[in-house]
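Paired with chain B in one complex and with chain C in the other, chain A is shared by the two complexes that follow.
On to the complex of A and B.
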């Protein structure tokens, strides 16, 4: 069995599972946030009316809650949603509620690894499609809607069809000017936004071994944009160290069997990878940066679970150090712990000196919610994950998706720019 | 199940156009319905009728896990979406929450059914009958688990232990 089959077999009490088997998997961790949480609460209200008991969760210790989409509260509806969440976690005794304005909080997928909420081998579900991110730690991490999350909260298990697995093998390191974001955009360009549909996308090879945990998180994050059920990477000592530094103990490793089967294997040579952008209006609509259209950009957005981890901020700072931005640029660290490290290591000064507006952790404009949404005809380069029509604001705005290096270089020139071409 | 078809002849209709991100904070189902398909078809709300179906291409509902998407369509009156394929979270949200039926169709049905056609869907025979054009097409049958959850009326009413 491969790693996903092993996790699903273990969690469903079976000795072996194969693709297309339907299992009810026991869940190890479940997450909801200020968008899925109020949805779950609404499902609970409906169940109560049908006479189904919602007095007790299956295990409140395995539940954690994030505030990220509309925080700090954008207006009164989002403020009410945050209040509902607080009432819910108090009522059900959920201790792990990361509240804004009270120390560590941030985008749920970033908190999942920054706070070591999820361990290798876990079945982890979250009320958000980018829950896939955390598969980079070696978990089966999968996004669900709020009816399914409500079901997990009450029953501790959920059904899955065991997925087929596509294996993406990266031979050799990526060049310095190429980031994990470029690699995953290249893959999505190759297989399309439904290319991984219903499947696991697993990453491996010497290029992945060499890659930092945070870069691996970027890869798994955007398996969602290829339609995948989840993304996963077999955990190694780097994952153990990463989680241990963040307070985890007894981190166990899990790997697929030597004779594990994959539906298809795709191979990429690290040295051949180039900086990539995804043009409007789809993550599969890719172009090499040096061949991208010469458009006048209005905005640069460096944020989100995809593109505002510490490593992403460091990459942007390498470019912005001693330079000025030519277009409106926002940088929103994805969690308070990252914000703090950015302050301690001088990154915030570099950003502010360059003219950047530094904002609080939030999903913000990535999903067109608030904090810098786009006007009609505005063109943005962004380290986020989607560029469908209206994703970041007006339905006639445009978003180009890129790595933090490309986004920062483009902020300096006002045009889509390969970091190697910056003077 | 009989109704008229609203056709969007394109692939990859994503959740950002089915219900734009700014409405994710809204959990009033009737209000969500007024913004359904706003990102693609601002006239949707005025033209949709109770019992209508949406017909579309590949990868319908791709993007986010927002259950707001099937909710907004269902509370607009949409009883089923017929598509060449579906994105996974939209599909399971539609079924587990019992909001609407996601029906996978073949290319022949996609090509032949037009906007406004009256069709009749029979999931017991996996047949789609086009009343306007007097033609019959096959739909792809539901997998076993999906069929059971649909018959039960959603995930909460489905009892896996009684299988």
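On to the complex of A and C.
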């Protein structure tokens, strides 16, 4: 069995499972945020009206809650949703509620690894499509709708059809000017936005072994954009160290068997990878940066679960050090812990000196919610994950997706720029 | 949830692929959580211009399709954000059947929680249905779509079919068996079961 089959077999009490088996899996962790949470509360209210008891969760210790999409609240409905969440977590005794303005909080997928909420081998579900991110720690991690999350909260289980697995093998390290974001955009360009539909996308090979945990998180994060059920990487000592540094104990490794089967294997040579952008209006609409259209950019956005981890900020700082931005640029660290490290290590000074505005952790303009959304006809380069029409603001705005290196270099020139071409 | 048996109406052709949930219901409406009333936000940015005037060229604004219950769209319908509001909006607007060559996974699953029937058919058949101007009938019991010139069979998982036919809600359905589940878990060393598809 491969790693996903092993995790699903363990969680459903089976000795073996194969693709297309339907299993009823025990869930180890479940997450909701300020959009899915109020949706779940609504489902609970409906059940109550039908006379079904929702007095107790299956295990409140396994549930955690993030405030990320609409914080800081820009208007009263968002504020009320946040208040509703607090009432809910208090009522059900959920201790792990990461609140805006009270120490550590941030984008749910970032909190999942920054706070070591998810362990290798876990079945982890969240009320958000980018829950796939955390598969980079070796968990089976996937997003669910509100009704399914409500179901898991009450029952602690959910059914899955065991997915087939596409294995993406990266031979050799990525060059210094290429990031994990470039690699995953290349893959999505190759297989399309539904190329991974209901499949696991697993990453491996010497290039992945060499890669940092944070880069691996970027890969798994964007498997969602290929329609995948989940993304996963077999955990190694780097994952153990990463989680241990963040307070986890007894981190166990889990790997697929030597004779594990994959539906298809895709091979990539690290040394051949190039900086990539995805042009409007689809993550599959890719171009090599040096061949990208010469458009005048209005804005650069470095944020989100995809592109504002500490490593992403560090990459941006490498470019912005001693330079000035030519277009409006915002950097929003994805969690307070990252914000703090950026302050301690001097990154914030580099950003502010370059003319950048540094904002609080939030999903913010990535989903076009608030905090810097785009006006009509504005063109943005962004380290986020989707560039569908209107995703970041006005339906006639445009977003180019890129790595933090390319985004920062483009902020300096005002045009889409390969970091190697900066003077 | 209301039970689903048969639906007859003309089809609304939406000739677009990769329709993502943000097009179905834009982010600014996510803050609202009442399940009803989302219909007015459906395809909001396609239906209305900046001044909230109807865009005459968008199919939903064509009076011909006002009472349509069947939406026929392109590949990978419902991709993007997992927001269940997208399904609420389609349902509230009046659609109870969505036909497309393929659907995004979370969206597909959310449909069944709310009483919408998503049908996936090959591209050619979908294209043909998009051109159909007479009413068609979708019968879940017999898994048949009847057009004036054709009978098309569609596939559906038997469990999901039952859920829609009986108007069952996943959670409510499971909780009916709470006693049996507790009993089973007490007596079983392996505390999980395998459901055969």
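To be clear about the criterion, the second predicted complex is superposed on the first by the 423 of 423 C-alpha atoms of A that agree within 3 Å, B and C clash if a C-alpha of one lies under 4 Å from a C-alpha of the other, contacts with A are read in each partner's own complex, and residues count from 1 in each chain.
Throughout what follows, contacts are C-beta pairs under 8 Å (C-beta built on N, C-alpha and C of every residue); 3 or more make two chains touch, one makes a residue touch a chain.
Fair warning: this is a prediction, and the values are worked out from it, not measured in the lab.
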item: Superposition on chain A - do chain B and chain C clash or fit; value: clash
item: More chain A residues in contact - chain B or chain C; value: C
item: Touching partner for A:403 - first (chain B), second (chain C), both, neither; value: neither
item: Touching partner for A:13 - first (chain B), second (chain C), both, neither; value: second
item: Partner chain in contact with A:134 - chain B first, chain C second, else both or neither; value: neither
item: Touched partner set for A:112, first chain B, second chain C, both or neither; value: neither
item: First (chain B), second (chain C), both or neither touched by A:25; value: second
item: Touching partner for A:52 - first (chain B), second (chain C), both, neither; value: both
item: Touched partner set for A:81, first chain B, second chain C, both or neither; value: both
item: Common interface positions of chain A, toward chain B and toward chain C; value: 22, 24, 35-36, 38-39, 42-43, 47, 50, 52, 69-70, 77-78, 81, 127-129, 143-148, 151, 159, 161, 193-194, 197-198, 227, 229, 282, 367-369, 386, 388-391, 395
item: Chain A residues touching chain C - in the complex, by the definition given at the top; value: 11-14, 20-26, 35-36, 38-39, 41-43, 46-47, 50, 52-53, 69-70, 77-78, 81, 127-129, 143-148, 150-151, 154-155, 157, 159, 161, 193-194, 197-198, 227, 229, 282, 367-369, 376, 386, 388-391, 395
item: Touching residues on chain A, where the partner in the complex is chain B; value: 22, 24, 34-36, 38-39, 42-43, 47, 50, 52, 69-70, 74, 77-78, 81, 127-129, 131, 143-148, 151, 159, 161, 193-194, 197-198, 227, 229, 282, 367-369, 373, 386, 388-391, 395
item: Chain B to chain A touching residues, read off their complex; value: 12, 14, 16-17, 20-22, 24-27, 39-40, 58-59, 62-68, 85, 87-89, 92-93, 96-97, 143-145, 154-156, 160
item: Residues on chain C engaged by chain A in the complex (per definition of touch); value: 18, 20, 22-23, 26-28, 30-35, 45, 50, 75-76, 79-85, 87, 102, 104-106, 109-110, 113-114, 169-172, 174-175, 190-197
